[in-house]
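Note that the chains are named A, B, C and D in the order they appear, and that numbering of residues resets to 1 at the start of each chain.
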Amino acid sequence: MSAAIPLKTLSRDAMAARIASDIPEGWVVNLGIGAPTLVANHVPATREVIFHSENGVLGVGPAPAPHHTNPWLINAGKQHITLRDGASIIGHADSFAIIRGGHLDLAVLGGYEVAQNGDLANWSTGPDDIAPGVGGAMDLGAGAKRVWILMDHVSKSGASKLVEKCSYPLTALGSVTRVYTNIAVIDITARGFVLCEAAPGLSFEDIQNHTEAKLHLP
Amino acid sequence: MIDKFVPDIAAALKGIADDSVIMIGGFGAVGSPNALIDGLLELNLKGLTIVANNAGAAFGGLPKLMQAGSIRKVVCSYPKGVEKSVFVELYRDGKIELELVPQGTLAERIRAAGAGIPAFFTPTGAGTLLTENRETRVINGRLCVLEDALFADAALVEAWQADRWGNLTYRLAGRNFNPVMAGAAKLTIVQTQHRVALGELAPDHVITPGIYVDRVVHVPYGDPEI
Amino acid sequence: MSAAIPLKTLSRDAMAARIASDIPEGWVVNLGIGAPTLVANHVPATREVIFHSENGVLGVGPAPAPHHTNPWLINAGKQHITLRDGASIIGHADSFAIIRGGHLDLAVLGGYEVAQNGDLANWSTGPDDIAPGVGGAMDLGAGAKRVWILMDHVSKSGASKLVEKCSYPLTALGSVTRVYTNIAVIDITARGFVLCEAAPGLSFEDIQNHTEAKLHLP
Amino acid sequence: MIDKFVPDIAAALKGIADDSVIMIGGFGAVGSPNALIDGLLELNLKGLTIVANNAGAAFGGLPKLMQAGSIRKVVCSYPKGVEKSVFVELYRDGKIELELVPQGTLAERIRAAGAGIPAFFTPTGAGTLLTENRETRVINGRLCVLEDALFADAALVEAWQADRWGNLTYRLAGRNFNPVMAGAAKLTIVQTQHRVALGELAPDHVITPGIYVDRVVHVPYGDPEI
């Protein structure tokens, strides 16, 4: 593993677009706070995907035009949103019943670390993290039918974020099935990490070199 | 484009198999998906488990399904009506099974299935015949019994209005078990009195979000019979 | 105990009126199927009591005039009802959350037997009772803040229905606090049955003579 | 005549005592009962436990209550915002306690309190730091943790419309935690943007039935600030 080699990596928007291309019409999808929220921008309006926000909104539409915000409509990241035709409003207990009851086809979340058995760490960096927020991360991690992670492949300090075993406190056990990074798309199967796709110009070895855990061929 | 409407009852019920667990909404004659129940009869199924509050009522399609031998077991709070019922005759002859559940526990077990709560404690029924041999625990000074979530393969629901995403409203007492059952089944099938355009239902007034619904068939039958 | 003595007893309507006089404005009340339903007729419209029906109706009004029924409005006994101004509709899960969560000030139920410790039997008469219905009785018995019973003091065969220990299968444990019969009003306290009121012309001894368990003076 | 309206904030909050557990609705700045929170400040209370999803947010009245030393403990899923918050400073100094709860578990524990479910199993958080030393059980092949109901002495709620029975509606994302908290407290206090006549709310559109509400105060403050 060598984090020193500079790689041609995907932008956040390109990663978001890559995920969006894998979301079929009709899915019910929750997008986590931060980069995952960008995914919505890359789903064409003609492909009907029902976006869910934890605070009780189903059918989130595109971001409002400036000066045309409805102050009564926000998402879980407290950003102003719009509603599509077909939207509905529910309370928090019902909103998390949707999550916990397995009614989300997909949750796209950010990650600190993902382990080869699908464990996810994305809420706390450990004892030095004073009063970290957990929000809906544990509910989404445990509840959604599929959990896909959008994150950089390596941390700012150069460490692989795809690991044999998470070192940070866990969010959910064995729930991640796919990871989209700035250099690869990786499935998590019974064998562990399986490389689906490398970013243009990168080889299996390039990706393995930046991945702590063993990478498998499809 | 998401469009959950199907052209007819046969298309709505397609794929329901022998030995399925089927939830049926309605309370008394109100909010009961009668056309879907009648449609089940056409399928000549065997071994069904029916979860429906008034499963033993003498009216509607369920007695016909029982007589046809399609139903192996009934899960309900009220197995018989005032009149003589097919259910009681079959039950006395050992030809149908009964799981009797307090009405609120029934509703909550169904909700639990949809809400991802595999089990919960409740004081209802604790210390009675209906919870014999079940796990109990004293919590906050009260005897409680552990109840598990009640799942279904299919739920049959009657709505007042539906749009093509499957968003639903109900009419007055027609709401009853319908919304909670819509969440607890692998396949939720709706018959609706009114079909409305997407966007016509106010987001604040939708009772069952379309994400719980798989198929909708338009059956404008009018008022409940009784 | 002597069931042979004929007594001047209250009619069902008189019993219902007696209960109604004890229900203050503002209470949320569930009336069981059968005789308890009569109680509503004796609460004047000027005294606002919120009647709840298990099938998801709050704010049940007076019975509809003939030929003016709304087919979409029934109560738990499947009788047609009206709504008062201020009424609301909920689903079954929410309706029983009201019951189980202790939000009913009162449930008035019928009874087969009531024991001196507050145990209630009112859903099954035992092994010979083929497929008895339980409906919401166990939820109401366990959940309401107060459970009052409206029933005849003795059975058709002359046996006291106020007993030391129920012989029929139980509905709920220790939840009845008051019994209104056709000859008396009886509280259930830590001491057991306490006579509050005897029907006109009847003495403590008359009531005790028709009551299996020991009766106490207030 | 039932009339739950009270003339002012002081009357609405009357009787709230030191060491109370207080639930506060709202998510972000939407649906937050700001006038009631500000009113708490006037009472100079001590030892409060606050149950509120965004208890550590830097805006609104809660930071002032914390600075005033009224709050002993916070139960929430998100104790800090993006900005520097009073909560984090107090927490670092050991002057305030934190019970961190996953957001959905928080909502469900509150619902459980109102619904008479003393405890339930859920997979959320099982096997994580947040449920260490708690009772667990494998159900249907999944590790679950036992969660208990979360009760309050008082709940502060913001509604869009209210009638004199206390029937409530909410506006769009202003619904959030408000309805579920209304059911979980001994004393439920509502500030409403609009006061409507009894009978004006359609029975099918009421979200919180008035039976959950004790007091209502009319505070037509308009739109959320942010």
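Everything that follows uses one rule, which is that contacts are C-beta pairs under 8 Å (C-beta built on N, C-alpha and C of every residue); 3 or more make two chains touch, one makes a residue touch a chain.
Worth saying up front: this structure is predicted, and the values here are computed from it rather than measured.
When the partners of subunit B are compared with those of subunit D, the chains appearing in both lists are A, C.
If each chain is reduced to the centroid of its CA atoms, subunit A and subunit D end up 29 Å from each other.
If you average the CA atoms of subunit A and of subunit C, the two centres end up 55 Å from each other. Centre-to-centre separation of subunit A and subunit B, using mean CA positions: 35 Å. Along subunit D, residues 108, 111, 115-117, 122-124, 170-172, 175, 203-204, 207 each make contact with two or more other chains. In subunit A, the residues that reach two or more other chains under the touch definition are 89-90, 96-97, 99-100, 143. Pairs of chains meeting the touch criterion are A-B, A-D, B-C, B-D, C-D. Every residue of subunit A that touches subunit D in the complex is listed here, in rising order: 54-57, 70-74, 78, 89-93, 95-97, 99-100, 124, 130-139, 142-143, 169-173. The part of subunit C that touches subunit D in the complex is made up of residues 25-26, 28, 48, 50, 52, 58-59, 83, 85-90, 96-103, 143. Partner subunit B is touched in their complex by these residues of subunit D: 108, 112, 115-124, 139-140, 142, 144, 148, 169-172, 175, 203-205, 207. Every residue of subunit B that touches subunit A in the complex is listed here, in rising order: 1-2, 111, 113-117, 163-165, 167, 183, 198-199, 201, 203-204, 206, 209-212. Residue ranges on subunit B touching subunit C, taken from their complex, read 27-30, 53, 56, 77-80, 87-88, 91-92, 98, 100-105, 107-108, 110-111, 122-130, 143, 170-180, 207, 223-224, 226.
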